[in-house]
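Both complexes shown next keep chain A, but they swap its partner, so chain B is in the first and chain C is in the second.
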Partner chain A sequence: MPDFGYKIAKDRQIDYDENKRLIFSEVAAWEPSIYRCISCGTCAATCSAGQYTDYSLRKLILLVKRGEEQEVITNVSKCLLCGKCQLACPMGVNTRNLILGIQNAVKKTTYAV
Partner chain B sequence: MLFDWFVLPFTLGLAYLLVVVSVKFYCWIKALPYSEKQKLKKAIFTTKSLISFKEIVMESLLHRKIFKVNPLLGYMHMSLAFGWLLLILLGNLESRVFNHGEMGPPYVPIFFRFFNPNPTAFAFHHQFSFIMDLVLVFVLSGVALAYYKRLNSNTLGLKRITKHIPADMLALTALWFIFPLRLLAESFTSGSLGGGSFLTANLGNVLNSFLPSEILYYPFWWAYSVSLGLFFVALPYSRYMHIPTEMLLIFLKNAGIEEQNSHSGFTEVELNACSRCGICIDTCQLSKAAGINNVQSVYQLRDIRYDTQDLNRSLNCLMCGRCDTTCPVGIDIAGIRQIKRNESAPGLAENYTYIKPQPVQHADVIYFAGCMTHLTPSIKKAMVNIFKNSDINFWFMDEQGSLCCGRPQLLAGKNQEAKILMQKNKMAIEQSQAKALVTNCPICYKMFHEEYKLDIPVYHHSQYFAGLLDNNLLELNHLNTSAVYHDPCELGRGSKVYKEPRQVLNSIVALNQPNDDGEKALCCGGSLGNVSISSEQRTLVTKQACDTLLQNQPEILVTGCPLCKKTFQKVSDTPVLDLAELVNNSLISRKQKPKPLKKLEKIDQVLNSLVPNQTADLE
Partner chain C sequence: MSKTVLIIGGGVAGLEASGVLSKLGYTITIVEASDRIGGKLNRWANLFPTQRPAEEVLNYLKFQLDPNTSIITNTKIDDISLGKTQVSATLSNGNCIQADAVLVSTGFEFFDARKKEEYGYKIYENVITSVDLEQIFKDGKELKTSQGKTPKRIGIIHCVGSRDEKVGNTYCSKVCCVTGVKQAIEIKERIPSCEVFNFYMDLRMFDRHFEDIYKKAQVEHHVQFIRGRLSEAFENPDGSVMIKVEDTLLGKPMKMNLDLVVLMVGFVPSSSSVFLKKGLQLETGNDGFFTPADEHYKTVCSNQKGVFFAGACTGPKTIENTITEARAAALEIATYLNQN
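Here is the complex of A and B:
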């Protein structure tokens, strides 16, 4: 069969019934300012780690909110913790503690399961 | 042998105390790391022990450092510690003279008046009674101040006092009763059997006029003994454990022993040496400005000691080091907090393989801007301009990409991650074969200076400018404005660089002196050390620091840290500049000058002349 360059796209459906939102509840208890995030992406624009790899805090927060555990686990430790995002954030999200909170929650939930 | 049943509570309490304290000391010294034990062995029979002894007298007895905080508070601590010691020593002397040199059981000097109510047979009894009464007044004045401190601590210079746990309250109550009970016991004895001096004899007469002294004196000796015994039994489990431990701590510190990366015997000694005096509470900006009252060092150390700590408490700290400088015991509080952070950090999960080696340039001087400088580009531009103006062959190491120095990871307790970043940076620095590294960020400076163990000297830009000025490689206009300088925590208390920024500033502006200056400088609130504080609470800290700095209405607020600048800019109406920007503004261009020196000669000249202690460190 000739390859026309088309493939069946991977299913992008997010199933909230299947996804575990445990990480989100852990993180929100640890750092409630996650609720303030408006996903503007200023953090990702200033991010040092983001200049080397496709790491983005905006995306990470969305993944946490959606409970896409696997992707959170692969991305959460790429952060350098330098704190630029915290100074850039227009909503005053406590980003460094948020990331540490996600790392703690990942550790807790993955070992607990 | 002199004996009465009432001496038992005291004697048993004392014996129990001695056993518990000896066992604890033995365990702590045993739990020291091997290298630290060796230091202790080497130091024990040297002049260091004499220095320690002097320090014990000055600090543990006379409380010199507390006098500096507040004279009345110092007097309170001194009268209790030094006064009590005098009571014991003079009591022993009195009892020895009376018994013709014989020591007798240890309780005899303590209860001397009971066993010898009216010792007429003995030569100096008037003088001794007088002195003992005088010392008792001295101690009682301290106890009275301690009572008063509970009602109105402001008079003794403390806005807030420590909230104590039950064990402390029990020991405190016992301590508060000891000396008044001794007074009453001696007075009743004197009232019914004679003896005593100006205090006990007169009070005894007054009490005897309306109370049956002959019945009362015996129960009061019992009460005195019980309160002593109770205090001794509670001591090892309360804050008063600091009394013996502080002395041990002074010996260990003078032997050169310090905090390691993990909890050791020395940490235990430091935790137990905290007297919970509460001086750190008022010093902490989180309590003064942001109304956070449960995270201060005193509570942190207490919770670690009793193993009831809460992770958030060790993370909620600006790591500004102000409490370290005011702690009268000299505990390495920041070191202990860091240990707790190391223990609780989520472990290594990332090796940063995505960061590929960066292109390296050969240069004489490396300029490392740091993450925070990339958010304040005017500082970056100013630095580059100054380098170019003094014709120095420099390499702007993190111009592209800006890899972090690793300090934020270290402060969050993620040591292994920090090490990986350090390796990557160190490799680039070594490959460039530079002779010095200059950074304008105190956070990076502390990291490069202390953790990287580089072969080349590391300078903060203030030190570098001072060197350039001394060598006439930098000429500056005086700007005829007034400015105030804010000491960044990582540069001032963190790295002890106070002189150079002021030296550079004095040649540009008229410097104002704020209230808290130098070692006492306030933190701007932006600190990377605090992870869990909310942005609103940060702003409260910043506002208070800013108000203090701008008290004398200077025209410019100058600092040496990009993060401080960024933080102050949010709340300050006065322009906030970094030292580099100010230097750049007042720069006299060298382009108009003829005959520049050869590059190599110049850079050697600068590096040789820079801060003597820096080069000494390297040797």
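Here is the complex of A and C:
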């Protein structure tokens, strides 16, 4: 077929019904302090990785909760696991262990890649 | 003979002020438009933030009323005017009342959710309001969809009829955020497996214990909070409702199907305020609520001598603030009557 140069733009809508949230189930069991997050962004502001890339732990947590797993996979590797965010978080989210949990869950659920 | 006070509205504010004024020796008449005293408390099962039964507060308010209080229910005021030192009112039952002071405690009405047509209230079967949900709790009924199923996913929509220029209400109704969190917890307590989502623009957890129940909702009940205002709702053939919001913290549009949608309806001024404003020559703001003589230190006084305010007639208010205000108004009225 000739290539006319058209393509269909990918739907960037979060489809909550379609999304599986497998990573979330794993992570919530591993580190229940994920439920304490209030999306304040304190972690993301202090994060060294976030200064140089578009990575934000606040967003990563939301992506996990919504089941946007492709984006979780591309983002979670940007974390340096330095643990700075844990000192800053006002809600006592065990951020470093949470990120480790996300990384493990991603490995376990590589169905997505 | 003791001086007389006419109290317009027998809700929380009117009842509390009446109790205090009776103790101070005044003769009270309460005129209530509906068939019973207690106002909106009659329609609520449990109160935020502690989930205590609304009936406890209602019983307290009734208990502290003086037995000699004249309570006239099912009655409206047909005509009211201010004289030099007295107020005269003609009631819908034909009687006339003269009083030395008048307390306006007409409260509020719930926003009519049908005006927000795009949310489908009274069009889609599974869209209800916070008031309807509270009634289900109060009646001790099971929470079901209109198809008779136990809901698996419920969305609670904040700011319905508040912070919305399109419907003409620019203000925040103050108590619906915490009501939304309270009701989310109450749904989870009844149906733990049901997913509950609160769609909010800001969570206004301003008072003592509010932030605690927000945390409780997340940590203990796994209620999900999604920052974004409901944009559109559609009814599916099976009666469930598809909604569209932006997940503003991710910057992405989002859609999901809900078995039940609960609209957190805000406060609007009581329909009687237009009439009272005219009769007593009172001032209101653009929002239609009465404007007190001073917004900081004369919140229970009006622009007219002998006319006082208490409760939600001057804007959305919690029950405890209303009770505190009612006492302040009673004291202000007593001081005024002593000087005249």
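Quick note on the criterion: the second predicted complex is superposed on the first by the 98 of 113 C-alpha atoms of A that agree within 3 Å, B and C clash if a C-alpha of one lies under 4 Å from a C-alpha of the other, contacts with A are read in each partner's own complex, and residues count from 1 in each chain.
Definition applied: contacts are C-beta pairs under 8 Å (C-beta built on N, C-alpha and C of every residue); 3 or more make two chains touch, one makes a residue touch a chain.
It should be emphasised that the depicted structure is a prediction, and the values quoted were computed from it without experimental measurement.
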Chain C versus chain B on the shared chain A, clash or fit after superposition: fit
Touched partner set for A:G5, first chain B, second chain C, both or neither: neither
Which superposed partner A:S77 touches (first chain B, second chain C, both, neither): first
First, second, both or neither for A:Q13, with chain B first and chain C second: second
Residue contacts on chain A - larger count, chain B or chain C: B
Superposed arrangement (fit on chain A Cα atoms) - minimum chain B/chain C Cα distance in Å: 14
Touching residues (chain side chain A, partner chain B) in the complex: 31, 33, 46, 48-49, 51-53, 55, 76-78, 80-84, 86-88, 92-94, 96-97, 100, 103-104, 106-107
Chain A residues touching chain C - in the complex, by the definition given at the top: 12-17, 32, 35-36, 38-39, 58-59, 62-63, 65-66, 68
Chain A-touching residues of chain B, taken from the complex the two chains share: 315, 345-347, 349-350, 352, 354-356, 371-372, 374-375, 401-404, 408-409, 412, 414, 417, 421, 526, 528, 531-536, 563, 566
Chain C residues touching chain A - in the complex, by the definition given at the top: 215, 218-219, 222, 224-225, 227, 247, 249-250, 252-257
